[in-house]
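Labels run A, B and C following the written order; every chain starts at residue 1.
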Amino acid sequence: MTTTTLKEPVRGDSTGAAAPEQRRRPGRIRRIGLPYLLLLPALLLELLVHLVPMVIGIVMSFKELTQFYIRDWGTAPWTGFGNYKVSVDFDAPVGKALLHSFFVTVGFTLLSVGLCWLIGTTAAIYMQDNFRGRGLLRALFLVPYALPVYAAVITWVFMFQHDNGLVNHVLHDQLHITDKRSFWLIGDNSFWALLITHVWKGWPFAFLIVMAGLQNIPKELYEAAALDGAGMLQQIRRITLPSLRPVNQVLVLVLFLWTFNDFNTPYVLFGKAAPEAADLISVHIYQASFVTWNFGTGSAMSVLLLLFLLVVTGVYLVFTSRGRRTGDV
Amino acid sequence: MRSIRAAAVGAVTMSLALAATACGGGSSSGGGSNDSPKTLTYWASNQGASIAIDKKVLQPELDKFQKQTGIKVKLEVVPWSDLLNRILTATTSGQGPDVLNIGNTWSASLQATGALLPWDAKNFGKIGGKDRFVDSALGSTGAEGKDPAAVPLYSMAYALYYNKAIFADAGISKPPATWAELIADGKKIKAKGKSPLGAEGANVSENIHHVFVFAKQHGADFFTADGKPDFTNPKVVDAVKQYVDLMAKDKVIPTNDAEYAQNQSVSDFAKGKQAMLLWQSAAANLKSQGMSPDKYGIAPVPVQSGTPGTGAQTNSMVAGINLAVFKNTDNIDGATKFVKFMTSDAEQKVLNTAYSSIPPVKGAQSDATFNSASNAVLKQTLATSAAALPQVADESQFETAVGTAVKELFADAAAGRAVTTDSVKAKLEKAQQQMPTK
Amino acid sequence: MSDAHVSKSPMAPPSSFLWSRRIFLTLLTGFVLIPVYVMISSSLKPLADVTGQFRWVPSGLTIRPYIDIWSTVPLAKYFMNSLIVSVSATVCSVVVAVFAAYAVSRYNFRGKRVFTVTVLSTQMFPGILFLLPLFLLYVNIGNATGIALFGSRGGLILTYLTFSLPFSIWMLIGYFDSVPRDLDEAALVDGCGPLGALFRIVVPAAIPGIVAVAVYAFMTAWGEVLFASVMTNDATRTLAVGLQGYSTLNDVYWNQIMAASLVVSVPVVAGFLLLQRYLVAGLTAGAVK
């Protein structure tokens, strides 16, 4: 099947329009056009909801799109790279704040993705075997994921309160670990509050995906390894993790991208003005665009972010795809 | 080959986007039409205890309007969390309501977008004239020298709410009239194991409302007369420091309040943990938290010395809601009629009673309903000693930048770090640099 | 549960494994459950008590919040909106993603790499910045064609189904790749068309992946706040946004927020319980060889 399609390259542009093929023999159309036909709905939707708005966003980044122009932004003056200059002028406050926010976001993202993945994978591997209560636990673990973001985060706000919160109650009143109550929602600890909240809400997703991925590992592999005398840990290292690689490759990448761009958690946790220690870039961009009504600068920041993430993703894919099926186009 | 294809994809996408851009941006045509004279869409802000209650309050009035004019008003109560974003997207796309409520501090910013119908003399004439409204409320409807972008609908003012029992217990006979008295009373209250005063230290808007008043009391403004930010003016720095010092130095606001942003200080007050609260129209709120009106008293917000008045004797911002007409409306006559209806004396009485606010319309304000003890304080404040927040196009940026600075200063105070004139100045300087340069 | 054949490990796990498992799962359960417990206990307190000092054992209980939630906010309506939007978006998203992933996994064609990378790149732009352009686009489509996309459930479904597409496609490519090709080629030889092979062989073999992706698509639509907040109106508002109605300018009804969140999450968790059978079934040793 695959070889036949290779023989006859498709003409026309690669956006997947099957139209140019219509003059050919029906059988061939079906064979050659089929993959494009299958992609067509996905492509149209992506174009409408993601790509075109993304390009509009990029266009916006070259305009001076402040409150004076948003009503009719055709008339907004072009600023060339003006918005970008403001964003990357790291000596000036806007650029400096953006850079700071960038580093906070990178640190937060690495920690959060690492923890989510580690907890999710560990839990999935531990729960591979059947034991009493496994089904219940599985459902339970999905609860944080099933809760609406607003509700989940507001509950953590509630628990992180200085005087009345559970966290200080336990740490200070009951375990006496801290000699005085700590602030979690303001000041430097806010970073950890954000991380804990995000991991709590995010790890079940990694758990879910890895759990599904584990089901695809043929039992024979384990049996063979067991016959070779491989212990539990070795089985995990030699079979489980390598077999999970394709799943993990995508999982870690999207966790990274989502965490990097996550807006809801910091926004509900801290409101419009996040503490410096937890000033994630998405809230920063929200402030620049929606709070201070400068959509041009906000878009420029987003485009810079996009470029950074593109580079990271590119490097990541090159490194993780080595030996996988990459050369096949 | 691959890159050519990628370029082709890019080109297609780009052209699509440009097409979208070209027709995007909403209609640029001027002010409204009368294409659908029989219906109106109205976005109300959430004024009551819940959206459901708002609907219950407003719907009968809208029915009344329909009976009078034959125009059906489609009501949507938009939660505060969404209102500004909804207005922004409506502005950009031209697809919005006909009539809408806006927070009065947004007036100048929204005015700058040109999305709202300007209330010139002719338009005001259609709703009975500008002089029907109270001056202080009109001061918060747009930049000075321009036609207002909206008309006042509900007015509110800050007042000092105090717990009668705690005051009696601490031997305080009358509410403090100056900050010095408040600090002295605070010591007595603390001796009884209660916290003196509450604040929402992490709430950007609340912070702005308070430091604005303190700045007034120091004879300073955050903006120069020609609208430039002037945050590092020594008087402004002193004013901000005085507010933060209520926690940092005078210790009348507990450090715990530095993280409050969800009205926890109101709960503390309602539960009798805290003796005083600076709030606007807290009555309904306190009631829902189980505090009955006879348990607390209402007094004007303290001043530096003397009695509240204008200028340095200012003791509240003009808080409130304005009613605006969206320029792209397709029922401009109906929209104007609706504004007239909502600001009529009769409706003003009904609505402001329901929301425990003060009517910005003179004819309604004099009604006996608004002469109760609590309303008298608010009315008096609005009439004599309240000032409008700066009516500049950058108001929204100002709130974010300075409000955040104050939040960070509170966080410093809570963490036990010193709050000095220099540290306050540094934060305000940073805030000022974040303001648009034009 | 019929997964005995899946769970039978080829080797009895050593006791160190069992112990570490017990400890890990206990700690994890604690981490997951504590906030849930806080939600439950807070949802049973009167408003004035909720904001007081936290206590593990609440002093007084009331079911009042569970009654009030329905009148403070039109919860039932929001719930129905969310359900309609999320279920439609999930079904469409899974179908579209299955087709696309099948094409990528089983065919070689020009533009494949461009397609997969472009799809992935959409995850890199902050959602915040999509908001305004997408809204503009919907309004203009609406003006040009009369199809009301903004403010309607249809527009929201379209948006959400696309949000979950990139990840779904990428995940499913991985799952489909792991289904041996001999299987569907055998089916093709047997006279099934390509679509027959897809639905008779590949899809059943990749059920766990498809269920995982469906759960993901559902949750994406279920929890999204930002776009829903500007693209819906009174009639079409979803839960994720509607819940914020419990926190008004002057009042935050903590107890009702918690109660409402729990009430609306129960059906979701129950639905998951029903689905998880499929999540762990799927490829068994017998089916592969």
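As a working rule, contacts are C-beta pairs under 8 Å (C-beta built on N, C-alpha and C of every residue); 3 or more make two chains touch, one makes a residue touch a chain.
The shown structure was predicted, so the numbers you read here are calculated from the model rather than taken from an experiment.
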item	value
Arrangement of touching chains [line / ring / star / complete / other]	complete
Of A-C and A-B, whichever chain pair has more C-beta contact pairs	A-C
Length of the line joining the C-alpha centres of subunit A and subunit B, rounded to whole Å	36
Centroid spacing, where centroids are CA-atom means, of subunit A and subunit C in whole angstrom	14
Subunit A residues counted as touching two or more neighbouring chains	13-15, 51-52, 56, 163, 290, 329
Of all residues in subunit B, the ones touching two or more other chains	2, 5, 9, 20, 24-26, 85, 88, 92, 94, 262, 264
Touching two or more other chains - residue numbers and ranges from subunit C	51-52, 110-111, 113-114, 118, 132-133, 136-137, 244, 247
Contacting residues of subunit A [partner subunit B, same complex]	13-15, 47, 51-52, 55-56, 59, 66-68, 70-75, 92-94, 97, 157, 161-163, 183-187, 270-273, 275-276, 287, 290-294, 329
Residues of subunit C that touch subunit B when the two form their complex	46-48, 51-52, 71-74, 110-111, 113-114, 118, 131-133, 135-137, 139-140, 142-144, 150, 229-230, 233-234, 241, 244-253
For the subunit A and subunit C complex, residues of the former touching the latter	1-2, 5-6, 9-10, 13-16, 32, 34-36, 38-39, 41-43, 45-46, 48-54, 56-57, 60, 119, 122-123, 126-130, 135, 137-152, 154-156, 158-159, 163-166, 169, 200, 205, 208-209, 211-213, 215-216, 218-220, 222-223, 225-226, 231-232, 246-247, 249-251, 253-254, 257-258, 261, 263-264, 281-282, 285-286, 289-290, 295, 298-299, 302, 305-306, 309-310, 313, 325, 328-329
Complex contact set, residues of subunit B against subunit A	2, 5, 8-9, 12-14, 16-18, 20-22, 24-28, 84-85, 88, 91-92, 94, 109-110, 112-115, 201-204, 255-256, 258-259, 261-262, 264, 393, 396-397, 400, 403-404, 407-408, 410-411, 414-415, 430, 433-434, 436
Contact footprint of subunit C on subunit B as seen in their complex	2, 5-6, 9, 20, 23-26, 46-52, 75-77, 79-82, 85-86, 88-89, 92-95, 262-264, 266-268, 270-271, 281-282, 284-285, 288-290
